[in-house]
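Next come the structures, one after another.
Across the two complexes that follow, subunit A remains constant while its partner is subunit B and subsequently subunit C.
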Partner chain A sequence: MIDITVPADRATVAPSKSILTVDARTRQRHAAEARFRLMGKIAVAISVLALVGLLTSILSNGLSSFRQTYITLNVYLDPAKLDKQGNRDPEAVAKVTTFSYAPLIEKALTDAMVAKGIAIEGLNAKGASELISKEAPANLRRYVLSDPSVIGETVSFDLLASGRIDGYYKGRVTMESAELDRNISPEQLMLADELKQAGILTTKFNWDFFTAPDSSDTRPEASGLGVAILGSAYMMLIVLVLSLPLGVAASIYLEEFAPQNRFTDLIEVNIANLAAVPSIVFGILGLAVFINFVGLPQSAPIVGGLVLTLMTLPTIIIATRAALKAVPPSIRDAALGVGASKMQSVFHHVLPLAMPGILTGTIIGLAQALGETAPLLLIGMVAFVREYPAGPPEGFFDPASALPVQVYNWTQRGDPAFVERASGAIIVLLVFLVAMNLIAIILRRRFERRW
Partner chain B sequence: MSVSIIILVVLALSALGYFLGRRRALSLAAESGRKLHSLPGYYGQTVALFAAVPAFLLMIAWLFVQPMIIDARVDSMIPDSVIPEGGARSLVISDVRRIAGGLDAVLARNSLDEGALTDGRVDFSTVRDRLAEVGIALGNDAPTEVFEAAKVYRQGAKIGTLAMTLAVLVLSVGLGAWSFTRIRPDMRARNVSEAFIKSLLIGSSTIAILTTVGIVASLVFESINFFRMYPASEFFFSTVWNPQFRGGSELGILPLLWGTLYVSFVALLVAVPIGLLIAIYLSEYASKPLRSVAKPAIEVLAGIPTIVYGLFALITVGPFLRDWFAQPLGLGNSSSSVLTAGLVMGIMIIPFVSSLSDDIMNAVPQSLRDGSYGLGATQSETIKKVILPAALPGIVGAVLLAASRAIGETMIVVLGAGAAAKLDLNPFEAMTTVTVKIVSQLTGDTEFASPETLVAFALGLTLFVFTLGLNVLALYIVRKYREQYE
Partner chain C sequence: MNNMSATTTTMTMKAAAMNQSKVSARGVQVYYGDKHAIKDVAIEIHPRSVTAFIGPSGCGKSTFLRCINRMNDTISSCRVEGHIAIDGEDIYDPKVDPVQLRAKVGMVFQKPNPFPKSIYENVAYGPRIHGLASRKSELDDIVASALQKAGLWNEVKDRLDAPGTGLSGGQQQRLCIARAVAVSPEVILMDEPCSALDPIATAKVEELIHELRENFTIVIVTHSMQQAARVSQRTAMFHLGNLVEVDDTDKIFTNPDDQRTQDYIMGRFG
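Take a look at the complex of A and B:
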C-alpha cells in the first residue's frame, strides 16, 4: 500500500527543492552503490594480485636454477692412476672407481691456485677441494669411460661447484651463515671470490638441469629434470594414444547414436561424476587395480599413463561432445539426403568439422594431466630414480619420475638449494603448460568455424 | 614374441586382409556380372576389422588373466614355512618374480640354453650369488621352494606368452579368412562393418562405467578387509590418530575429518566472498575490455596445477603468516598451518565459485532487472535484493561444488597443512587432512596386510562418499534452478 497523502510539513518544504537536488537518503544510497562497486573492484584486484604474487614467488625463487656455478680446471688424467696397465682397455678403466678421480681434481685445483698465486690463510688443499661438488669426480669418470683414449692428456673440464658455493652467488649463503654452517666456511667463500676474479669460477647457463637425473640429498647442484621430463613425456604419449580414440569414440556414440534409455543415462551420470572425483581416488584405483590386481610394475609410466587416461577421459568426452554438438544438423541432413549412411555422415562430415574443437579439448585435457601429482604419488612415482628409462615401448615399464612429482620430491629434502630446484622445475612445468594452452588457443582461433 | 611385435603382425595381417577383401569383391563382381551391394572398400574393411579387433581384445584379456593364473599357481607352491617371521606372502611372491627375471639374465650372461637350469651346468646352490652377478639383489638367499616356484613362474610365463602369440595370430588369421570367404557381391558389407564399428563405439563409452565400478570395487573391497582387522566403531568415532607400524595403532578418522573440514572452511571463507563479488562485478559492472582481460586471468587460477599452489604455500605464504602473524601474536611457530593451506586453497577455488556464479547470474532474466530499475532501485540494490535471491540456489550449488573440490584437494594440504593429527581451534596450528593421510599411508613400502596401510582405502572411501554426495547435491540444485527460467 502506498500512502498518497503527503504530510503537511513536507508539502510546505518540497516546492523549494529541485527534483535534481540529491537528498540525504539518495546520497546514502549512491554511496552504498559506490562502495559495492569498489568491493567488486577490490575482489577482482585481489585475485589478479594473488595470481601475480604466485607467479612472482615461483619465478623469483626458481629462475636462478637455470644458472649454475662451475669451476673450470685443466685436469691431468694421470695414466698411473687411471690405467695402470697402460693399454687403455675399457674394462680395466671401468674398474677404477670414482675415488681415484677425486685426487686428480684436487691436484688440478691446487695447481691452478699456485699458477694464479691464490692462497687463503687457514685453508688447506682438502678444504679448497670442497668447493667442488662431490658429483664432479663421477662426471669426470663418465667422460673418461666414454673415451679412454684421453687418458694421459690434460683436459679443460667444467666442474660443478658445490651447492653452498653456488648458493653464495645466488644470495642463499652469506659470510655470516657460513660461520654457522658445517658444510662451508668463510675461508672457502673467500677462495671462491678469488677464483671468480681469476676467471676460474664462472656462472653459466645450466643445461644439466634439463638433462641430468635426480641426485642425492647432499648434492643439490647436480640434480636435474632429465628422468622426470622423459617420464612425463612417456605418460603424455600413453594418455594421448589411449584417451583420444576412446574419448572420441565414446562421444560419437553418446552424441550421434545413443538412444534415450537407462543405459545412456547411466553412462552420462558416470561421466559427470568421474569429472568430479578427487584425483587422489584415481591414484587409489591405480594402486589397487593396475599394480596389485594386474601386477604392473610400480613407478612405471605405463601405470601413470593409464591412471591419467582415466582422469582425462571425462574432460575429452565433454569437449568432444560440445564440438560435435556445434556442427549444425544441416550437414548431417545433407549427407543423409544424398544417400550416406548415418555412420558415413558422422565419419566423413561431422567428425572432420568437429576436429579443431576435439583437438583443443584434448590438448587442454593433456595439460591437466601433465600437472597432476596426487595420483602419481600413490603408484610409486616418488621413488628415487637415477636411471633413464629405456626407449618406448619397453621404457613404459621402467621406473621413472614425473615433473610435478619431482617438484614434490625436492620439497621434501632438507637442503634449501632444493627449494630453488623445485621452483625451477615448476617454471619448466608452467612453460610446457603455457605452450600447450597457446597451441589450443591458436587451433581454436585458426580453425574453429562459427555456423 | 613380444607384445609390440604381435601388435605389428596383427596390424599387417589386417592391412593385408583389407587389400585381399577388396580385390576379391571386385573380381567376384566382374565374374558374376552383378553389381556390388557396397563400395569395394567396405568388403576390405570388414575383413580388416575381423582380423584385427577380436585378436587385440583377446590379447588384452590374456595379458590381464595370465599373471593372475600364474600367481595363483606359484602361490600354492609356497608353503607357509618359507615365509619369514613377520613378513608377508606378497613379498615372497615378488621375490619369486625377481628371481624369475634374474634367471633370464643369468642365462643370457653365460650364453646358455634352457637346459642349463636343470642339468646343473650352472651352480644354483646359492641363488643369491648368481643373481648378484647380474645385478639383481636379493635380501637373503632363497629357499629351495622359492627357487622352484621361480622356475615354475618362468616356465608358466614362457608357455603363456607362446600360447598367447599362437592364439592371437590364429584368431586373427581365422576370423579374417572366415570373413574373406563370406564375401559375395550381394553381401551387405557396409552394414556389417558399420554394425561392427558401432559396437566398438558402445564398448568405448562403457569405459566410464567400468572406471566407476573399478573405483568403487577397489575402495569397498579393501575397506572391508580393513574393517575385518580394525573395528569400524573405533575408526569412525575415535578421536586419536596414531598409527604404529608395530601394531596397536589407533586409527580414528575424527581428527582428520576435523582438519579437512577446517581447511575447507577457511578456503571457502576466502573464496566465496571474493568469488561472488568477482562474479557480480564482471557480469554486472565491468566494461568489455576489463572483462576480456580479467575473466581469463582469473580462470588461469583454475588451470594452474595444484603442486604449484602447494609450493607457493610452502615457501611463501607459510613463512609469511608465521613471521608476521603467528609469532608476534604468540599463536604458534609452525609455517604449515590450517590458515596457510586454507588461504592458498581459497585462491585456487575462487574461479570455481566465480565462473559458475557468473553463468547463473547471467541466466537471471533481464525482465527482473528492468522491473527493479523501473521501481527506482540502484544497480547495487537490484543485485542485492533481486538478482542474488533469484540466483541463490544456483550459487549454493556453485559453493557446494567448490567445497567438494576443497575437500578432495591433496597437494596444497600435503605441502601446506602439516602432518600432525589433532583436534584444535587455533588456525595457526598445523593439522592434517584425510587426503594427506592417504598419501602418507600409501607411499613408500606398501604391504597390503596391515591395517595401517588398508586404512587408506577406508579413508578414500569416506572421501569418495563425501565428495560424491556434495556433487550430486550441487548438480541437483543447479539443474533444478536452471529449469526454473527455461
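Take a look at the complex of A and C:
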C-alpha cells in the first residue's frame, strides 16, 4: 500500500490550464513535427523523381530496340551459284561463302522494285542493295545450310534492313543527317519510303534481339542478347547451385551449432565485412586464383559463376542467419523438450520456419549477382563473343558474355544504334531483376506460416 | 540397463532409491558464467506425485527445473555441478545422452509453444523420432491416447489436421502436455504452465495435472501460491538460489519451518 499525499494548496498555486488553448511549447513541438514531415516528403519526392527520370530515359531510348525493320523479298536460291555440282551435298554447299549470297539478294530486290515499278533517280542497284544489312546474306546462308533442299526454290525471306534505315524509322536518321552521312544517302531513304508503301519494308517485333549473338560495330541491326542471356543464365545456375547449399550450411552451423568463442566471432566479423568488399576486388581474386592459378578458361561462365558465388555468399549467409535468428527459441525448446536431437530440431522445425527468409535472401543475392559488372570485366567476359556456348555442363567452360557486360560493351560502341541496343538490354536486365524480386515475394508469401 | 558391469550393490541402491524418490539431487550448483544461480541444492522428488517449486522471481526454481532434463545444456555459458539422479542413475554421467534423457523427462513450457504444424503432427512428432510406433495405426493410437490423457481429445478429434497454432491458449498448452505425454515419459517438468492462461484454462490444466499424477512424476514451477496449494503434494521453496525448505504442501502452507517461507507465503516479499 502506498499512500500518496496531495499538497492541499496545490490547486491554488498552479491554476489548471484550459486544454482548449494550445500553449507555446506544444506549438513548438507541432512545428518541429511538421518540419520533419515536410523534409520526409521532399526526400521521397526527390527519389521518386530520380527513379521516374531514370526509367523514362531508359524506356524512351530502349523500347525501340524491341522493334526492327525488315525487308521481305522473294529470293531465288540459284543452284548455279549455290550448288554448282547440283547434288545438294551439304559439304559442297557449306563451301559457298556469304559473298555468293549477296548477289541473290541484290537481284531479288531489283526484281521486286521492277515489279512494283519503283525507281529512284541517281540510285543504282548496288546503292539500293545497301538498304539491306550486311548480316542478311549470312542469315540467308545459315538458312540454306540448315536445309540444302531449298536450293532452286524461291523463298520469301525477312531480310534485316541496315542500321541506318532502321534508324530512319526510329527517328535517329533524318534526310538532313543522311546528306552528311557516308553510310546512307537521301535517295536510299526515299527508296525505303517507297518500299514501305509497297509493303515490302515492314517493322516487326524483334525476336532476334533475344536470340541473336552480338555483332560487329558496323552491323548494330543484327546484334542481340542471345549469348549474354545464356551466359548470365549459366552463371546464375552456378551461383545458385554453389552458394545456396554452402551459404545455408555455413549459416546453420554458425547460428545453431558453433561454439561462441573468439574464432567464431572473427569469422562473423569477416563475413559482415566481406559483404561490403567492392565487387571489383572479387574480380581480381577470380583473375588471380581461378584463371592464373587454377587455369580455368577466360571469359567462361564457370569463372564468372565462381566469382559471383564468392560475392553472393556473404549476402546469403547474413540473410539466412537473420532468418534463423527470427525463429522463436520456444520452437527449439519444444523440439528439444520432446527429445529431438539438435540436428532434428533444426531441420524439422527451425529451418522450415526460416525458409521464406532464406529464399528471399538467396534470390536477392542472385539478383545482385545478375547485375554485377565489374568483376566480370576483369575475368575477360567483356570479350566479343559470337559463338553460342554449348549446353551445360560443357558450356560452362565456353566463352560467353553476360547481360550487364553486354550493356557496358554496347555503350562503348560508336554507332548511335548501339545506344538503343544498350538501353534495350538494360530493360531486359530490369525485367529479369523485377521478375526475381517478384518470385522472392511470392515464395515469402507462400512459405510464411504463423506460429 | 545395457551396462553389463552394473554390480549388485548399485542395483540394490537403485531399488532403495526407487522406493522413496524418483528424482534425487545432491549438492547441485549452477553457474551462468560468473553468476552462481543455484547454491548447493539437495532435494528428493517423490514418484507419482506433484512437487511444486515456489519462490520469488529469479530465485532459481526454473533453472533447477531445467537441470532435471538437461535443458540447460543448450545455454553455452551454463555450468552444472553436483549430482542429479533419476531412479538412481546419474543424469550428468558422461555416458548419458541428453536426447534419450529428455524422452524420459518431458517438459511443458511457460508459453504454449506448439509446432506450426497440424494437431496430429504436434503429438506424433515425439513418438516418431523415438521410433515408438512401427505402423500408422499404432501412431494413431498413441496420438489419440495422448490427447485423451491431456483432456483435449473431445475438443479436437474432428480436426486433427487443423494447425495446432489455431487453438486457444489453454488448448495449446494442453496440446503441449499431450505432446510431452505421447513419448511416455516418467517425469514431466512444467515451467509455469498456466502463467499465460486465463482462470478457466488454468483450472482445466490444474485438473489435468491432478489426473496425470496417477501415471507420472510431476514437477511444476509456479508463481501462484494458490496453485501450488491446489495441485501439489509437496512444495519446495527457493530463495536467491538456495532451497529454503521442502516438505508436504500442507505443512509448508500452514506451518513452515523457515521464516522466509512464512514471509513469502504471506506476501511480504516477492
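The rule is simple: the second predicted complex is superposed on the first by the 407 of 451 C-alpha atoms of A that agree within 3 Å, B and C clash if a C-alpha of one lies under 4 Å from a C-alpha of the other, contacts with A are read in each partner's own complex, and residues count from 1 in each chain.
To be clear about the criterion, contacts are C-beta pairs under 8 Å (C-beta built on N, C-alpha and C of every residue); 3 or more make two chains touch, one makes a residue touch a chain.
Remember, predicted model here, so these are calculated numbers, not experimental data.
When both complexes are overlaid on chain A, the residue A:Gln197 reaches neither subunit B nor subunit C.
When both complexes are overlaid on chain A, the residue A:Thr97 reaches neither subunit B nor subunit C.
By the touch criterion stated above, A:Val294 is placed in contact with subunit B alone, subunit C being left untouched.
Number of subunit A residues touched is higher for B, counting subunit B against subunit C.
Contacts of A:Leu313 after superposition: subunit B is touched, whereas subunit C is not reached. Of the two partner chains placed around the shared chain by superposition, subunit C is the only one that A:Val338 touches, whereas subunit B remains out of contact. Common to the subunit B and subunit C contact sets on subunit A are residues 341. Of all the residues in subunit A, the ones that touch subunit B in their complex are 29-30, 32-33, 36-37, 39-44, 46-48, 50-51, 53-54, 57-58, 61, 245-246, 249-250, 252-254, 257-258, 266-267, 270-274, 276-285, 287-289, 292-295, 310, 313-314, 317, 341-343, 367-368, 370-374, 377-378, 380, 382, 393, 404, 407-408, 411, 419, 422-423, 426, 429-430, 433, 437. Chain contact summary for the complex, subunit B toward subunit A: residues 3-4, 64, 67-68, 71, 190, 194, 197-198, 200-209, 211-212, 214-215, 218-219, 221-222, 273-275, 277-278, 280-282, 285-286, 294, 297-298, 300-301, 303-312, 314-316, 347, 350, 354, 378-381, 383-384, 401, 404-405, 407-411, 414-415, 435, 438-439, 442-443, 446, 448, 456-457, 460, 463-464, 467-468, 471-472, 475.
Residues 259-260, 328, 330-341, 344, 348-349, 353, 449-451 of subunit A touch subunit C in their complex.
Residues of subunit C that touch subunit A in their complex: 69, 71, 74, 76, 99-103, 106-109, 111, 113-116, 125-126, 129-130, 163, 165, 176, 179-180, 182-183.
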